[in-house]
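What follows are several structures.
You will see two complexes here that share chain A, one where it goes with chain B and one where it goes with chain C.
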Partner chain A sequence: MSTLKKGYSILYQWLFHRDDRLLLIIAGSVAGICSGLAAVALRLSLQTVLEWLHPFRHYGWAFVLPAVGALLSSLYLEKIAREGAGHGVPEVIYAVSRYGGLLRFRSSYSRLISSFLTIGSGGSAGPEAPVVMSGSAIGSNIAKFLSLNERQRITLVGCGTAGAIASIFNAPIAGLVFAIEVILGEWKFVNIIPIAIAAVAGAEVSQAIIPEQVIFNHQTFQVGLLDILPSLCLALVTALVSVVFTKTLQQSGKIARTSSFPLWVRAVFGGCIVGTIGIFMPVVLGEGYHFIQEMISGTFSLGVFITFVAVFAKIFATAMTLGWGGSGGIFAPCLVIGSLTGIVFHKFLLILLPSVGCAREGAYALLGMTGIISGVMQAPLTGIFLIVEITGGYEMTLPLIVVSSISSTMSHYIEPASFYFKDLIERGQFLRPGTDARILSDLNISELIETRYTKVSGNMVFREFIEIIKTSRQNFFPVIDDRTNEYKGMVKISAIRKYVLDPGMYDMIFLSQIMDTEVMTVSLENDLQEVLEIMDINGMETIPVVEHDRFVGMISKTRILDLYRRELIVQTSAH
Partner chain B sequence: MQYSVFELSKHLGVVPDTIERWVRQGKLPVSRTGKNYQFRISELKKWAATHNICLNLSDEDPAEKKRESIISLSSAVKNGGIYFDIIGDDVTSVLRACIKKMSIIHDDFKKDLFDRLVEREQALSTGIGNGIAIPHPREQLSYLNDPAVSIFFLADPVDYNALDHQPVSVLFFILCPALKMHLQLLSALSFCLRDAQFKRFLNARPDPHQLIEKIEILQTANPI
Partner chain C sequence: MNYKLLHIFRNTPFGRETFLQSLYFCKTINAFPLAYIPRSDKFLLYFSNDAVQVDLDHSYLTSPDTAKSNAEKLFEEMGTKPMFYEPKNFTASSLPDISTNFDYLCCPRSVSDMSSKIGLGHIGPRVRRIIKHATFPVLITSPVFKPWKSISVFFGGSKNALTALTLGLKIALASGLPLDIYTLLEKQDEAYYRELIEKEGLDEPVTQLSRQWFFYEKAHFDTMLYDVPHNSLIVLGAYGHGIIKDLLLGSKMEQIQSTVMNNLLITGPHCSMSLQ
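And now, the complex of A and B:
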């Protein structure tokens, strides 16, 4: 028995400890499968409830349906799950950058339930962000179960994300790219393989369970060189629409937050408005996959004007759902808005230049989707690969790249932060690996502090002090109270030179008379960013750290440089 | 061979908190035995090399090294020796007579030392006043193994061009192989010479043992 155990531990060490790649691949594929299952579960239940509610849509009172859904969803999140509203992607990004991907187990199902309530009742939102949250929480908790370190946990969070996106769109590469481009923010060799495998696992799960309901069937389009110029124009349009979409979302959230109503009243209000729009324009309701499918295959029947209005109706409905208390993501709304924009653009093109032999309507719907995804999320690669995988071929790659790059550049020009990152940047929580903000947040004050300082008393006669500085290398002497050990001030050698050179002063003064009490101090709670700011403003090279009136130590720029450099190396190294 | 968190923190020059954070974040190669982290040197070396991080694996503290070169004045005096009744009428003859008696300097180098000391005296007299001079060469002496302070009591006071124009009766030769020791000894010596009691003690031409004892007492009062 003991030999068996020993053999197992040696095997374990050899396989997993020395090189964690195999471990990450196995754990990653488990995470991919689990998050794939979560995505399939949400998809199936949404499908069922939408079908079940379909007959009621024709009644006049149907406009309250989204309100009821949003109400239940907001109450669930606030009272039962106790998690914030919103779509969850920024939370995942923040958890990855600040807490090494630590997420609560509760997060792996809470968003699924709340977004099911919101979207199933007709609210205009996407199931992707909740599934991403759920998948990443699954990955994080698998890592916790295996007691892995933060680097490995981040990889597993990426695996869960990739599995979720891959499963919902049946697009493994898009899952991989989304996980790395949006969630992790670093293309590291050690991450890519496990995440790729997880993405494939997620996609396989959805294909195995619901093969007939894969969202977008492969379509092939004939796209020629003639389409490049229209693509350029379409890219400008989608950039504009993305900016409008992002701004509307933010504004509606802001207005909702400033209103004094409780969350559930806001949710009901938003839901009613969405429901009312939905009666006249059903395309805005739900996640809209069905309509996207129609638009790609060219069976979408609305006229050009109605479609044009639908673009803005969808934007407004999504803003009313997400900003006012509903739960869900923006990925699916982006796709709907993108395809609507593409179709409007194509119809206009045909009206203006009827004889030009450009590609079919569906191709422009796809290009529009890429444009909006690249514009809103500022994740151009995700947009490109998602559409490439949907079409199942590379015929459209060139116009896709054109649209995606121009749209993301233009919207970046107008709105520098993408929708996912904007909140984080505003709160100072956007901490991508290898950036200044990340290093400063990782380095703790307690790691930088130099504590070996000789302290002196305020009652010390200057002559005594002269004896101390003879043998000391210190340039700063903290002065403390004899009785209470309280920090009183600082004696800077450079500032007292004229007294040091004047022996007549030696017996005349006490240290409390020449110490500097105006020196700025920081405490252990300050973060490094603030400390550096104080030092820069006051032109200080070193700053004392004082905690509860006790002198703790000094922080010097020399020491900061030393540790900053090492932290940068450690953070950006390939492993 | 393995290191603990605390040992490694010393070698990397960071606090243990940083090491623990790096382990938690998965940035350091670590092997865990129970609750304790252990770091293998071979893995650490590889890690440090790939990350271009300096891993100071020598056991001695850099601060320790510096302390080694400190020499006390009393032991330097023991090296250099104490001599009485030197005869001479001017600076050069006194110096020549002193060097001749010095046992620590090999005969081959006595001429060189004399030249150097005379050159130093011509530049600026080392007679610091109160009948005391501290002759020393400007450059350090490579042929000397240990720093030495030789004390010479003259038979008769000599005009030494001292700063206070008083004749000199006691000479302290400071001879060092390195500049750092020279400054230390000079500082220790000047501390002793500032002591009025010590000066009176010197004028009484004390016994060599008593003199060294007295210096030992003074230097413990003024540690370097």
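And now, the complex of A and C:
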């Protein structure tokens, strides 16, 4: 029995402890399968409820349907799940960069339910961000269950994300790219393999359960060199539309937050507006996959002016849904807005140049989708791979790259932060691995403090002090009150030369008379960036740390640099 | 040392009692109390391997305009400088992250339920998770402010119990109050426990700082609880099991806290303590 146990122990050590790749692959596959299941469940339930509600859409009272959905969604999130508001993806990025990917278990299901209520009732939002949130939380909680470390946990968060995106779009490469480009922000060999396997697992789950339900049918397009120039123009248009979309979403949220109404009232108001628009323009309702398919296959029947209006109607409806209390993501709205923009552009192109031999309008719908995804998320690779995979349009790779790269670059000029990152950047919490801000935030101030300092009393005579400094290598001596133990000031060796050179003063002065009481101090509550700022402004190489009037220790720039280098090596090493 | 205790302030008569208890605890052991006045009904605590969301009941948000001044009055009443904690980071706009970089945390028996439930001897699931993951001891106060005049450590010989004993010794050292040790003889005899603390190098401080070490037979658990002075701070180790595990295996902590109304100072499995 003991031999068996020993053998098992050796095998376990060899498989999982010596090198954790196999462990991450197995755990990542589980995360991919679970998040794939979550995505499939949301997709099927949305499809069922949208079909069930479809016959009622033409009634006049149907404008209340999105309001009811948004009401239930906001009440569920606020009163039952008690989740903080937010789209989900920035929350995942925040958890990855700030807390090693720690996510609450409730996040693995709460957004699925709330977005089902919002989108199923007709709210203009996408199911992708909720499944990303859910998949990431599943990955994080698997890591917690297995007591994995921070690096391994972050990899599993990426696995959950990739599995979710791969499953909902049946696009494993897009899942992998999205997880790395948007969520983790670093391309590391050790991450790529488990995340790729999780993405494949997620896509296979979707294929196994709903093989007949591909979101978009594959189409073949004849795209030639003649389309490159129009693609450049379309890229500029999509960059502009992306910026308008991002700004409208942000403004809508800000206006909603300034109102004194409770969340559920705001959600009802937003839902009513969306429902009213939806009566006249059904393309704004729900996730809009059906309309995207029509646009790709060239059966979308709206005229150029109505389609043009529909672009802004969808932007407005999405802002009213997400900004005013509904739940969901911006991925699907980006696809709808992008394909509408592409169609409008194509129609205008044919009006201006009727004889130009460019590709069909479906191809421009795809280019528009890539342009908007790349512009809003500033994630060009995700835009390219997603569209190539979900439509099978590999012949379009060249114009897709052109549109994607130009759109993301141009929108970056106008709006430097993507929709997902903007809020985090404003809060100073966008901490990508290997960046200065991330390294400084990962260094704990308590490990920087040098505590082995000899303290001296304010009542000490200078002669006694001379005896102390004879045997000490300290350049600073904190002065402490004998009675209360409170920090009073600092004696700097460089500032007392004139007294040292005058032995006549040795018995005449006390340290309280020569200490510097104006020395800037910091506390344990300050973060390292604040500490460095104070040191720079005051030209200090060393700064005392004082907590509740008690001297804790000193922080030196040398020590900071030492630990900074060590942390940088850890964060940028292959593992 | 600059020990800090975080107290989630509740602006109600019950909250006043627990806050006074925190202030008294800090004053006695020479620590600094920090009051956090919540502005939303939830917050997050990020531990090394878990993110615990604490959902507060609405009594925590009672009269927000008077909360700070009421807390300040209580600080002054205890002769302590008022200090408040302000969260710096937010997971979502209404979900602040509360630092876990404290030495003690004060919790009522349940943070998510109405105070009327507390008298029923119920420790909420959030408090259990906090205990399970916290690297600091958790102070669970009595429902009414009750100054304590001695320290009672429940020592059962486990790793957690050793941490609790070390903490008890530390509190005794800082406060100058007498320390009593209570041991329930379950499978081992008296000599085993004495050898154990000798092995851990705690025999000398125990001899110096403890007033008495009581041993009880397993069947006399209730007698042991009754013998603990009513005005004593009970220090014990706990595993922070979930409710299901507790129902299946039983929980000493649950039994103790539902029987005695003393203040409890609990060390969880991730809590480490040294006498230095």
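Please note the rule applied: the second predicted complex is superposed on the first by the 573 of 575 C-alpha atoms of A that agree within 3 Å, B and C clash if a C-alpha of one lies under 4 Å from a C-alpha of the other, contacts with A are read in each partner's own complex, and residues count from 1 in each chain.
Criterion: a contact is a pair of C-beta atoms (placed from the backbone, for glycine too) under 8 Å apart; a residue touches a chain by one contact, two chains touch by 3 or more.
Please read all numbers here as calculations on a predicted model, not as lab measurements.
A simple residue count on chain A separates chain B from chain C, and the partner touching more is C. Of the two partner chains placed by the overlay, only chain C lies in contact with A:Arg106; chain B stays clear of it. In the superposed model, A:Arg151 lies in contact with chain B only, and not with chain C. Once the two complexes are overlaid on the shared chain, A:Val30 sits clear of chain B and of chain C alike.
Of the two partner chains placed by the overlay, only chain B lies in contact with A:Arg566; chain C stays clear of it.
Applying the stated contact rule after C-alpha superposition, one finds that A:Thr471 touches chain B and leaves chain C untouched. By the document's definition of touching, of the two partners only chain C reaches A:Glu547; chain B does not.
Shared interface residues of chain A (contacting chain B in one complex, chain C in the other): 446. Chain contact summary for the complex, chain A toward chain C: residues 82-86, 91, 94-95, 98-99, 102-104, 106, 144, 147, 257, 427, 429, 446, 524, 527, 547-548, 550, 552. Listing the residues of chain A that touch chain B in their complex gives 17, 100, 148-152, 442, 444, 446-447, 471, 562-563, 566, 569-571, 573, 575. Of all the residues in chain B, the ones that touch chain A in their complex are 12-15, 17-18, 21-27, 31, 50-53, 223-224. Interface residues of chain C, counted against chain A in their complex, comprise 2, 4, 32, 41-42, 44, 46, 49-51, 53, 55, 81, 83, 88-95, 97, 101.
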